[in-house]
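You will see chain A twice below: alongside chain B first, and alongside chain C after that.
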Partner chain A sequence: MTVEVSKVYLLDVATGEGVEAELRDAIEQAQIDDWAKHWIPVVLAAIQDLVARQVPRADWPQSLHWNWPKKITRVQGMLAFPGFSVVAQGVTQGLAQLDLTRGCQEPGQKGKPLVYVEYLEVAPWNRSELGATPRLRGVGTVLLTAAIALSYEEGFKGRIGLHSLPQADAFYRRIGMTDLGPDPACQNLRYFEMTVEQARAFFEKEEGR
Partner chain B sequence: MTAKRTMTLNLTDAEMRVLDDLSARKDITKTAVLRQALRLYQTIDARVERGEKLLFENDTTKEKAELMLL
Partner chain C sequence: MKFERSKEWWMARARREGDAVIGAGLLAFDPIPEERPASAPTAVVEETRIAFGRFVNLMRRRRGFSMERLAQVADLDASELLVIEDDLHYVPEPRTVFKLAETFEVSQQRLMQLAGLAAANDAGFRQEAVRFAARSEAVHKLTPEESSALEAFVAVLSEQEPKRVK
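Right after this comes the complex of A and B.
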């Protein structure tokens, strides 16, 4: 399999400078190795901190228990479940796994195919909700933009959907996605969808930056 | 963008009508319909190979029907 690599830019929060990064249209062994070697120790430290601060478990970021090797093994070689990764400064900065088998829920586009973002996670050192100042900004936006671009490439006209973890609800509203409310079929997480028009507006805004 | 190869496809009139209809209803090109069909077929086949069943449930009556794949 040939992996397509695109050049993207992230923001180094400490210096305010742009950082060159690779957007790769796959999640490979190197990403799984980075997850085990670099992400997990930071996640474990964050969990220890949450316990020490007696933060109720219900308020912990839900993605802390995500096991990427398991997620990737489950969909290995399956056309319907592509993945993306962002690599910068020699290490994986974010991962996304998508599902192309689902249909839209938003009344104006119900039943039409979309790119469903099954999992999207940025490296723990880039997440402000884990306590420290993030190192790099823009990883989640790069991955979401890749999902919308894939939707165009597949002929789905930019339509994407996802169930949001509570700490990300405001972000998805801010970028213009339609909030279809809590979904009892998915742990009551809020379901967001991007329409053809919203995708066009999203790209026009991104290009204007 | 991932490189793609081109192939010729021979379809009957009935198959072409179904393809046209799906393309219009799903608001995607005929190529996109066929690529989507391939993804779904691979996904279903992999799950059936693992010993799982393909069931449809009526949202209103909750009646279940199994789709037999031979």
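Right after this comes the complex of A and C.
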């Protein structure tokens, strides 16, 4: 499998400068290694900080309630699925895994094929929820943009769907996705879908304001 | 798949993202509560499980170990130690319990019972576990009362196992 690499740009929060990054249309062993070697220790340190500050468990960011052994197995299994990764400054900054076999749920496009974002996660040092100032901004947007671009390439006209993490709900609404409410089949995560029109608007908003 | 846009195009979108935390899918969420087996643990199991978490916490602190240090010494995963001490519903791996028993030099069988991996057949042990859990407070500094509660409980854990594997 050859990996296609596209040049993208992220925002370095500290300097306000653009940082060149690679959008790769696969998750490879290097990404799994980065995840295990670089992402996990940062999350662990954040958890230990929460414990030290005696922050009640209920107030932790939701993504910290991980079942680690299961997660490790699942992430290792990602090599076999279509996915994207963002690499900058020599390390993996974000990962997404996609499923091309599902159908739409939004009434206007029910049953039509879409790109379902099975998993999307940004490196912990780029997330504001863990307390520190994020390092790079735009990683999540690049991965989402890639999912929509893939949807076009597959002939799905930009349609994508995903189950949002609670802290990400507002973002998906802001970029114009339709909120189809909590999904009891998915631990009540809210299901969002992007329609053909919404995808077009997403790409057309050239300056994005 | 290739996808090329100008630097400005990407920068505008990165700025628009702001401090939003973007994530999707159960694997990114993956909360432990729903991962539990369907059969809820009984109250008895929970009581001893509380004692197990407290026990690991106090033994670790008595030795002045950080979680990372204990993980290193016992050859365990620091993240699992964390949920053991913090999440009463987490059922540890048998290997983890064996390693902890070895490190703390207490009976493996007893610690297995405490962790909820094996049933204790005597009510006395359960009572001891509950008494210990009630006397100890997991988040504060080790008090003299906790120390003595811990000492007494270590004695219970050590004495009652006839053939201890070293």
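Basically, the second predicted complex is superposed on the first by the 176 of 209 C-alpha atoms of A that agree within 3 Å, B and C clash if a C-alpha of one lies under 4 Å from a C-alpha of the other, contacts with A are read in each partner's own complex, and residues count from 1 in each chain.
Everything below uses one rule, namely that a residue touches a chain if its C-beta (ideal position, glycine included) is under 8 Å from a C-beta of that chain, and two chains touch if they have at least 3 such contacts.
Predicted model, so just to flag it, every value in this text is computed and none were measured.
*Asks:* Name the contact category of A:31: first (chain B only), second (chain C only), both, or neither.
*Replies:* Touch partners of A:31: none, neither chain B nor chain C.
*Asks:* Please indicate which partner A:4 is in contact with in the superposed arrangement: first for chain B, second for chain C, both, or neither.
*Replies:* both
*Asks:* Kindly classify A:195 by the partners it touches after superposition: chain B alone (first), chain C alone (second), both, or neither?
*Replies:* neither
*Asks:* Once chain A of both complexes is superposed, is A:153 in touch with chain B (first), chain C (second), both, or neither?
*Replies:* After superposition on chain A, A:153 lies in contact with both partners, chain B and chain C.
*Asks:* In the overlaid three-chain picture, which partner chain does A:112 touch, first (chain B) or second (chain C), both, or neither?
*Replies:* A:112: touches chain B, not chain C.
*Asks:* Let me test your reading of the model: by the given contact rule, A:171 touches which partner, first (chain B), second (chain C), both or neither?
*Replies:* Touch partner of A:171: chain C, not chain B.
*Asks:* Using the superposition described at the top, determine whether chain B or chain C touches more residues of chain A.
*Replies:* So, of the two partners, C touches more residues of chain A.
*Asks:* For A:92, is the partner it touches chain B (first), chain C (second), both, or none of the two (neither)?
*Replies:* A:92: touches no partner chain.
*Asks:* Would you sort A:47 into first (chain B), second (chain C), both or neither based on which partner it touches?
*Replies:* second
*Asks:* When the two structures are overlaid on chain A, which partner does A:122 contact: first (chain B), second (chain C), both, or neither?
*Replies:* second
*Asks:* Taking the two structures together, which residues of chain A meet both chain B and chain C?
*Replies:* After superposing on chain A, chain A residues 4, 25, 153 contact both chain B and chain C.
*Asks:* Which chain B residues qualify as touching chain A in the complex?
*Replies:* 1-3, 25-29, 31-32, 35-36, 38-40, 42-43, 46
*Asks:* What part of chain C is in contact with chain A in the complex they form?
*Replies:* Those in contact with chain A are residues 1-5, 7, 9-35, 67, 77-80, 82-83, 86-87, 93, 139.
*Asks:* Provide the residue numbers of chain A that touch chain B in the complex, in ascending order.
*Replies:* On the chain A side, the touching residues are 2, 4, 25, 78-80, 100-101, 109, 111-113, 153-157.
*Asks:* In the complex of these two chains, what residues of chain A are touching chain C?
*Replies:* 4, 6-11, 18, 23, 25, 40, 44, 47-48, 51, 54, 57, 61-63, 65-71, 74-75, 96-97, 117-122, 127-129, 134, 137-146, 149-150, 153, 162-165, 167-168, 170-171, 174, 186-187, 189, 206-209
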